[in-house]
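In the two assemblies presented below, chain A is common to both, partnered first by chain B and then by chain C.
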Partner chain A sequence: MAQTKVEAAPAAPAQNAETGGHYDGRQSRGIATWIVQPEAGGIISAIVVFIFFAVAAGSSGFLSQLGTAYWLDTASDLGIIAIPVAMLMIAGEFDLSIGSTVGASSMIVAMCTGYYGLDPWIGVGAAFLASILIGLVNGIIVVQTRLPSFIVTLSTMFMVTGGILAVSIAMTGSSSISAIPSGSAAVIFAFKWNEFHISLLHWAIIAAVGVYVLQRTPFGNWIYATGGNLDTARLAGVPTNRVKVILFVCTALGGAFVGIIETYSFQNGSVTLGAQYVFSGIAACVIGGVLLTGGYGSLIGTVFGAATYGIVSMGVFFLGWNADLTELFVGVLLLLAVMTNNRLRRFAMGR
Partner chain B sequence: MSDASPAAVVELRDVSKSFLGVHAVSHLSMQVRPGQVFCLLGENGAGKSTVIKILTGVERPTLGEVLVDGKVTHFASPRDARERGIATVYQEVGTLPLMSVARNFVLAAEPTKGRGPFRRLDIDEASRIALAGLRELGISRVQDGRQLVGTMSGGERQALAIARALHFGARLLVLDEPTAALGVRESATVLRLIDTVRSRGVAVVFITHNAYHAHSVGDEFLILRRGETLATFSKAEKSVGEVIELMAGGAELRSLLSTAEVNAMKTTSA
Partner chain C sequence: MSRTARSLFVGLTAFALAGVALGGYGVAPAFAEDKQITIAFVSGPLNDSFFPPLYQGANDAAKALGVKLNYIPIDEADIEASSARTMQAAIAQHPDVIVVGDFITTVVDPLIKQAVAAGIPVYVNQSGRDQWKADGAFGFVGQDPVEVGSAAAEHLQANGAKSILCVINVPGNPYLQTICKGLADKAKDLGIASVNLELPTADSTDQNKVARDIGAYMQSHPGIDAIFTENAAVGTAATAAVATSQLTGKVAVGTMEASAVAIQQVKDGKMLFLINEQPYLDGFYGVLFAYHYAKYGLAPVGTVATGPSFVDKSNIDKISAVFEAYPNVIGSK
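So, the complex of A and B:
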């Protein structure tokens, strides 16, 4: 296993000044420089699994328009969640409550539209409000108690799932309700064009906004600094608590967004919807080069990490293999990613 | 210290600090003037960190006064002290190794271009001011603002932290053991940095337990021992050997060394 120590040795002799930083680098300096960029791992793994399944499952429909739409759909739902999760991880925190937020917002939307027959947008608004609340609770508890977010959000995950289950059983007598969207909400959340789902567009927009914020705004600089070293960031004047709380709200909003999209697309809401995103979201980030210890990572990589997941799960499906093999594949990729991420980072540090 | 010399940036006047009745620092007075390196010497537990905390607004003295530019001042917070131009450069947490030089330099004061929602980080400007700041301190090996700080040497990283503090208006730099974790060559780099900073008229408080490092760049000295001021003197008044002897507690050290060794130390001078 590669070392997980983040600090470089104080007196380590530096290599030549050409050893590029990964930021802001648009000019290429050859493959050796490119490969140490944090997004390289995600891009390489997406290409490798795509080629593998194109060869193995190309004739059984993986490369067809339908196959492409399927894997892009899987990737885009995961990708919408993975973008804010990556930003939070770069800031040094985890959100394990994300899956429960997906389920809670799904149930809220379904109750509002399906059970009470309200306007779809009321359900959407209620789901977003609830998720903002979840994000605020997560963020404020983490920054106030300074407990590991791992354990704080594990607690809120149980609380949210248990709470929404109790509420939906009490109010509707069920934990799964059908919900058929109408009007503009149906277009925004459930529109399809030749099997391609509108969530692909949402994913692209959210990824673009995320990349812009992270790479091109002062707030993005604060995110990297907060995760790089909390004390350094705070002493420099970065409002680290505010950065974290905002990012916890963003991950919860991302979860709610996917909950709404899936509820209106499947025309059914369920408390258990989205439970898999807790770990597949983190997996997409890590495969995409985000460091578990924070302070380093790329959203471009995360996009390709989510794509990798989509390609693998649909590739396995089109091969006719058991779907459980998807998990096996992702597990192997994740392990490889964690091992190479640390090596690549040490390369980037010139050692 | 004659009256002709410029007014002290920061002065501690008969300052004492006790924690739960235990005296960390007793009746300490010191003046740090522009263009002067004030060395605070002492072993671990002598009270150096308490003095730093009082200077930088982390703690308030139990007794005595803190004066900034000759006026009695009560720092509301470390940020308040920073805004008055007192900057601390921490040995361990000064820079972020996984971020670029430019991004480290402008952290929390990022230059931007554009307006409204298009207000964005001005990377080229950040790079330019970071490299200019480093060059002013004699660091020319860093040519690219995109270089990761983790690829820089320990001395260069200290330079980056100091350059950053100066760029954002520091008039007094508190350097807490800047050479402690460094090798000989890197230490020399940092000592040269301190000299450069002084020549620009900045006041420096240099905290160390290395008498050689202190004597090589220091102007004024204060030796702390268990919270008490053991000695204050100017550079010309004492040799390195005498400083070491004072720090180690004179008699205690002498009992361990032969007379010849003590004499040899006394004649050693920088």
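So, the complex of A and C:
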């Protein structure tokens, strides 16, 4: 790639409305314009499901402080993962290994802290290092081979899950280990205030940083450009390979961060922890208006997508219905949210 | 040796031992002139915290007896198909004995019959207590899930429970469902209420979410005064939910399986009891009985019960000491 072109007009393809949306949220020109924003669908979904559960389950505790903490905590764990996943999806790639990274980092932390009795920060460092490695492997294989990231990360998902299981069985004979954090690690990863978990703060910070990077920096423009039209972006001098590798590392770091938070806050690490994030992480992004094809989406929308998932998956337990219906109901509500979102976008794009 | 160096040493030693155990080499057979006995052991996956102690027991027995052990794990995410595939793989290897966990009886029973017809003796392990005889197996070691649930109901009722929540953490797993059914039937006999909560698949591996799920369920069902769970992680999630709702002492929690946190909670009185299923014995006896049968044609008559064994404040200290001293004998550390 021509190095002289790196600085040259990288944002141009992204701001072309035909290749995908990098709309400026500061300009408000009425409701029709607002609905054009990619985040509109996510915000509307979150509000609709919140009102639904406030009416249907408000009296059985959904609106109480505890009920609020429950769905916010659920949304925050998911939200931390969903922010980098959304950025990667906007750049046109998938990461199916995200759930296995959560489990791997959980087990690494638990082995270091619980089994070998090392300082919690050593476990944290080891988990982050391992996740950077996973992200680099994903990213480098995807950009070098040009294979679909769906397939590459599907393979690494199995490799990571199988690898960490083999290592933990060989080293400790176990696949689930207690880990009790101490000192500053206990505060940073496991602090709770009235059931409001510190992961809420992390979520807010990560979302803010993500929004800033995506909206206000050249790197953010590169992300939209890479996902919008790869060839055009490359011709315009966007270092698309570097963008993708960095984003794969970010998703893996997000997964590791949640793995550490969940392990320390529950004082138990497990190989299988977090397997569900491969589905719920992508669901949060899609509800939030991120297109599976790349080049289009918003992190504000993703934040509300995670909130929607948190409200739905917690709210059903407050309904007091037959518990067997829970999973069916979560599925139906999520499908409705995505369909509504899709309608809005088609309407917005005049199709 | 520094702590890190020692940790590394322990790790490498464990790795080496695991290699020896997996390979089945390096240990002299009891009688050098005898042909080494091979055992195929079909049971659950090691990513389910119940099975590492079972695996450890099987390996310890294989090492002590000089048996060549081939442990074939069933994939729980695809349990029906995987139960068939793993059993077919075991038959294809034509070992001296097959030890099998008969979790999905409709799938595994015909394959046990097929193995027996092919001249491979089968010993049923952990699950399949009602089927082993009809299948032509030569014995059974494990526990009766109905008895587990029923004993749990009795313990909770004796503690004053009037409405028990039974949490099923692997939706659709017949063994776990039978336990909650055993609990429900006993509760009915005792004249108290019970209800099942089947956790969504997406939540079952996330303990924080499980704690919130149970907490929210208690909010919408305020009458619940006791919770029974089927593994230690869900049990500690339940005590967390109880503590969050400020009901510690008012809602009793009992669980299957032991973990470091669960043991501490029994000591602290936050958890009423653990049911130790003794999976280590399932694994150890599975290999031992298979060995005796292959070599001498000897086996215990009928079923050997490994559970339910109750652990509460009265006997927690011994269990706790063994748990600390011997990883993977009581449960996952």
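Observations on the structure shown:
Here is the rule we go by: the second predicted complex is superposed on the first by the 297 of 351 C-alpha atoms of A that agree within 3 Å, B and C clash if a C-alpha of one lies under 4 Å from a C-alpha of the other, contacts with A are read in each partner's own complex, and residues count from 1 in each chain.
We adopt the following convention: a contact is a pair of C-beta atoms (placed from the backbone, for glycine too) under 8 Å apart; a residue touches a chain by one contact, two chains touch by 3 or more.
Being a predicted model, the structure only gives us computed values, none of them experimental.
Of the two partner chains placed around the shared chain by superposition, chain B is the only one that A:Y224 touches, whereas chain C remains out of contact. Considering which of chain B and chain C touches more of chain A, the answer is C.
When the two structures are aligned on the shared chain, A:G320 is found in touch with chain C, with no touch to chain B. By the touch criterion defined above, A:R345 lies against chain B but remains apart from chain C after alignment on the C-alpha atoms of chain A.
Once the two complexes are overlaid on the shared chain, A:N268 sits against chain C while remaining clear of chain B. Using the contact criterion defined above for the overlaid structures, shared-chain residue A:G295 touches chain B, although it does not reach chain C. Contact with chain B, but none with chain C, is seen for A:V238 once the two complexes are overlaid on the shared chain.
With both structures placed on the common chain, the touch criterion links A:Y70 to chain C but leaves chain B unconnected.
Residue contacts after overlaying the shared chain place A:G254 against neither chain B nor chain C. When the two structures are aligned on the shared chain, A:G123 is found in touch with neither chain B nor chain C. Chain A uses no single residue to touch chain B in one structure and chain C in the other.
In the complex of the two chains, the chain A residues touching chain C come out as 57, 60-61, 64, 66-67, 70, 73-74, 77, 103, 114-118, 161, 165, 169-178, 195, 197, 262, 265-268, 270-276, 279-280, 313-314, 317-320, 323-324, 326-327, 330. If you check the complex, the residues on chain C that touch chain A are 3-4, 7, 10-11, 14-15, 18-19, 46-49, 51-52, 55-56, 171, 196-198, 200-203, 205-209, 211-213, 215-217, 219-221, 233, 236-237, 240, 244-245, 259-261, 327-328, 332-333.
For chain A in complex with chain B, the touching residues are 6-8, 10-15, 17-25, 212, 215-218, 220-222, 224-225, 228-229, 231-233, 235-238, 291, 295-296, 345, 348-350.
Touching chain A in their complex are the following residues of chain B: 78-79, 82, 88, 90, 93-103, 106-110, 112, 119-121, 123, 141-148, 150-154, 156-157, 181-183, 186.
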